[in-house]
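Below you will find the structure I want to go over with you.
Each chain carries a letter (A, B, C and D) given by its place in the written order, and its residues are counted from 1.
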Amino acid sequence: MRRFARSLWKLWSSSHKFQIGIVIIAVFVVVAILHGPIVATIGHGQDPLGTAAYTPWQLPSRTNILGTDRYGRDILALTVTGLASSLQVGAVAGLISTVVGVLVAFIAGYKGGKLDSLLSGTADVFLVVPSLPILITLSAYVTNLSLAAIGVILAIFSWALAARTIRSQVLSLRTRPYVELAKVSRMSDLEIIVQELVPNLLPFIGVGFANAVLGSIFALVGLEVIGLGPSNVIDLGLMLNWAIGWGTLSLGMWPMFVAPIFVLGMLFFAVNLINIGLEETYNPRLRKVAGA
Amino acid sequence: MADSENRIEVSHVTHEFHGAALRATGGKLVAVNDVSFSLTDSPPQIVNLVGQSGSGKSTLARIILGLQKPTRGSVTFNGKDVYRLGGRDKEEYLRSVQPVFQDPYGIFNPFYKVDRVLWKAIKKFHLAKGRSDGLEVIERSLRAVDLRPEDVLGRYPHQLSGGQRQRVMLARVHMLQPRFIIADEPVSMLDAAVRVLFLNILIDFRDKYGMTTLFITHDLSTSYYVGGDIMVMHKGGIVESGKVDDVLVNPEHPYTRMLLSSVPVPDPDARWKDRAQVVLAEEEEELVVDKPDIEAPNP
Amino acid sequence: MAEIVSQGPPVSQPSEPRLVSAYRAFTVNHPLVAYAARRFGIYLFTLWGSITITFFFFRLIPGNPIDAYIQNLQTAQQNYSVHASQATVQYYKQVFGLNGNLFEQYYHYMYQLFVQHNLGPSLLNYPTPSQFVIARALPWTIGLLGTATVIMWVLGVVLGALIGWKRDKAVSEFWTYVTIALSHIPYYFVALILVFLLSYRLNLLPSSAAYDPGYSIGLSMGFIKSVLQHAILPAISIIIIGVASWMVGTRMLLVPMLGEDFLTFAEAKGLKPRHILTRYAMRNCWLPQVIGLGISLGSIFNGNIIVEQLFNYPGVGNLFVQAIGQLDYNTIMGIVELAIFGVLTANLILDLLMPALDPRVKYWK
Amino acid sequence: MAVRQQALEDNKSAAGTPLLDVRDLRVYYNTVSGVSRAVDGVDLSVRRGEILGIAGESGSGKSTLTTALLRLTKPPGFIAGGSIIFHSRDGELVDLMKVSEAQMRSYRWRNLSYLPQGSMNSLNPVMRISDQFEDVIRAHSDRSTQEIRDIVPELLRQVGLEPHVAKMYPHELSGGMKQRVIIAMAVALNSDLVVADEPTTALDVHIQRVVIQTLGALRDNFGMTVILVTHDMAVHAELADRVAVMYAGSIVEVGDVRQIFKDPKHPYTKGLIGSIPRIGGERRRLSGIQGNTPSPTNWPSGCRFHPRCPYVMDVCPREVPRLLPIRDGQARQKPLVACHLYTEVQAESGGRDGGQ
């Protein structure tokens, strides 16, 4: 465990980009977790998300830092709530698809043979089913989808990609001499996977997870922008949908539009910084050639 | 050392590779073709297995180590099939037969320090009780292979030289005290000055601890240096075998003769007089490039 | 003592049925044919598998197309009786292949699809078969997305190679970061911004539909000009992000290649840098990009739902959204299947073409 | 062909005149753990028509030196100083470190060709062999495509390859065949010098012999000069006229190949020669060289070999020994050695004029 902490520390101190990315994400996660108290604080005891809680269409002021929307709801409170929902969907989808993808990848890649053919074939089938139409159909006909359910649906169509990328890595690692040495050192398959393979694939798994989270969030936002997403939970995409639908830009009510885009922008900025940081740290070939 | 004889028996081992691509065509690559021999530890000895790349030497090593089940034939250890060993027998086999691999860098997982390879051996084979006891075993073994523990312990693999890394593997062997060492091209990536040190240790292991080594190499002069028996492998089969002093001095098989005549002699006064027969139809290397794994960007 | 046991006679092979050995002999003699046959088999399997998943997915989600259709009839004709509805329901169940249990329906659907090449009637335009409805939208999608895909690929690969080749230059580094950032922006953001700026604020370009309804479809100059004008905004919003992604991808492929021995050797041969870039570096790393282009072209068939919806462009993506509104299952499934078919076929063609594109690729060996 | 014949005559008549003078060449790398001084003060003279071997362990800077000779050093490596004077056939002197990149391009391959270490991967995998010949010949002469097509089979024949190799792709050739294709490319332009970097490493013994003899034929048949860089001393014994021994970024001994093998002077050379096993004869235990190759980011002070040297003296850690000629009864030419064992007693005046 200490070794693990040390390698995490090494990773952390290796790149400023990585650090900045992590800090942004951390701030967002903290806000999302504390969204209840934060919203309550904004409302000074009353619900800032209630219809007609304030005068509609207010520009930023002392009471409403980001102004109010058409129904008199506080936009900052909406944004915080939306962030929490979006992150929750992303986390569920990212977690499931990464866990399933990693499991499939390790079983297929390490065991090989018929099992590999079967699992890889299944992953290939899932990869060609287009996920966006399926998602649109689901959200159109299944009313009251919960956040978790949306996350699960997104994961069904994204695990295969994770499985495929990690499997190819496992394939290249499993014939390394140190794996063979582990075999003749009486280590079990599980020990070899956990101790020899996983540590070297952590960056891949990490990047895969971050991308799956981001991908899921943006897939959902994309649906909502065109008004086809589930409309029962407030998330950043739904806010954007309202902003477009109500013509906020022509009304000059910019916060309604800018707030969700800013948050989403920061999210992908942060994830990309993490990606680039990891890339620089873990791709020595690239580093060598680029001289960075 | 050994109370009773231990014996590895390789009989009629054939190994064919059926790659995913090869399977489609019913084609196959015969890496090892009906090879039989035996290794014993009384008396301990070094058995050389020489041949050019692609002759099947490494595949044979992996088969003996239990890493690659042969297509046909069997490997037995003291009469028991290596691929059907269970529990205690398996442990006994791994305790008795240990490898030294070719690539001194690839042996170490870059994620961990060098120490781990040694500690794993201690834990998995119950070589010591407790930490201080284990450390003592490790330090003793490192010294036995002319390494200073302080130069090696606590370092990451990339901080050591190739010779040091390969000697750490010998230290591991020293700790485990197997009856047999399967050394697959252990010196091919080492410099001459370091190579000799490694070979000397291998010879000492035979003399001091009675270990028998299957020494796989493509370099005939190193096999002459270590002496013992020799088997010449060509296209998966053994074409000539016997004492090093006979085979390398008076080779009989044309392939052995060809190999010997190709070895440059480290003496400027003994240069080749004749031109080598240029082989025009050299075996072509076949290369199968995998389709790159890529995704279409954005939708 | 190592004894070398004399080599025994080879173990005899178990004999095989004649058909198997004949097949084996054929495949050994015709490796390319054997490879193509095996690859085609995988293609059929994946096609079948993914269409099956799609079928069961759409049959298992709640919602009943017949109710939806009859409801439509009611609103349209306002004459409703229980008796008529029972007969009607039976009739439509028959027409839409919803008789019997799920597996009977599955068999019926697959038979209709693979043998009769029929997707069944569309609800949107009953009783026109869905394939005709889709075929009407397809040219718009192919025109818009096909052109955009090719343009962004060419620009992306060329510019990506440049920033990769000049990787030490500050300008290149700047553009590298810009493209990495751009390549991860969802393209609908760009679409929204472009519409707002160029269409609403500056009123330069139309923001909706594929052509001015004042023109009739034909080869008149006015019509063509109108089509191009209407395509500019949706195309640009896809292209900007697409170029950035292809640039990042090309750079990522090129930069690791720059350490390869044959490039150093090309330099040692005294070749000019431009020559080394085009004939040596790019020639060796463009293959994944060619494959990527093939797959992108194969995957344009489900349309770009978001862009088509935002610009109200009458392509397949737009049709899909309409079909969802009407619960037009046959059309919905048809579009999804078309998309699957497109991607898989592109993959198949690429795999068969690959050996011609790169001399090193020989799957069948 | 007549042109080639003429060039060949010129080469032979020029044999023995200076070709390359390397002075105090330093090639460093910027690494995370500081500046790595891989090549640190190399002096070397190469004469026309000779085969000069450069020997040394991995990490001694051999490969860095070869790429620097052609100015092919890539970041993070850089040439930190020194000069490489090239004596052209018409007697002109050019400092290769000072010419422009475009001029350097014209010297490459026309005058200095390179047989790279990773010959396995040195040919463009997606081009036919004939096209790769065409590329290099086109870059340095104005021959037409047809002319080039006509001479390629002849060039291949001269290195023992069949003409149909021209139509093949690199992956269809074995490692030794690729080596010889590159040698044929050097023949094509009648380069003054071929720098061969570990030409036999990773080849099977039989192919090794073919490549060694093909390189020998370059000099015997075409009068070319060859710099042969390899860690394999037996290859030097087989092929080289003179051998320069490198240790820790600089040259510690240069001498006639017989002197190096029969009567090595520098303690490191002695250790190296004493580590080579031979086939046949009495089997005796070789001693090898104890200790580890030092790190180029942190060379030992004074003589860089002193921590491993069995003859170490007080002066060794303090003073850097210079590469000086020493008296030697047997050798035709005085060997140059950088060792305090000789400087104290036998050093003559003369300074660092390697190999005269």
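Going forward, a contact is a pair of C-beta atoms (placed from the backbone, for glycine too) under 8 Å apart; a residue touches a chain by one contact, two chains touch by 3 or more.
Predicted, not measured: the structure shown is a model, and the values here were computed from it.
Under the contact definition, chain A and chain D share the contacting chains B, C.
More contacting C-beta pairs link the chains of A-C than the other of the two pairs A-B and A-C. Averaging C-alpha coordinates per chain places the centre of chain A 47 Å away from that of chain B. Remark: chain A and chain C have CA centroids separated by 24 Å (rounded to whole angstrom). The centroid of the Cα atoms in chain B and the matching centroid in chain D are 32 Å apart. Chain C and chain D have CA centres that are 54 Å apart. Across the assembly, chain C contributes residues 168, 259, 299, 358, 360 that each touch 2 or more other chains. Shown for chain A are the residues in touch with two or more other chains, namely 132, 288, 291. Residues of chain B in contact with two or more other chains: 287, 295, 299. By the touch rule above, chain A contacts chain C in their complex via residues 121-122, 124-126, 128-130, 132-134, 136-138, 140-142, 214, 218, 221-222, 225-226, 228, 244, 249-250, 261, 265, 268-269, 271-272, 276, 283, 285-286, 288-291.
Residue ranges on chain B touching chain A, taken from their complex, read 62, 65-67, 91, 94, 98-99, 101-103, 106-112, 117, 120-121, 124-125, 293, 295, 299. Against chain B, the residues of chain A that register as touching in their complex are 3, 7, 132, 161, 164-165, 168, 176-178, 180-187, 196, 199-200.
On chain C, the positions that touch chain D within their shared complex are 168, 259-262, 264-272, 275, 279-280, 283-284, 358-360.
Interface residues of chain C, counted against chain A in their complex, comprise 45-46, 49-50, 53-54, 57-58, 61-63, 167-168, 180-181, 184-186, 188-189, 192, 196, 200, 255-256, 258-259, 299, 302, 305-306, 309-310, 320-321, 324-325, 327, 332, 335-336, 339-340, 343-344.
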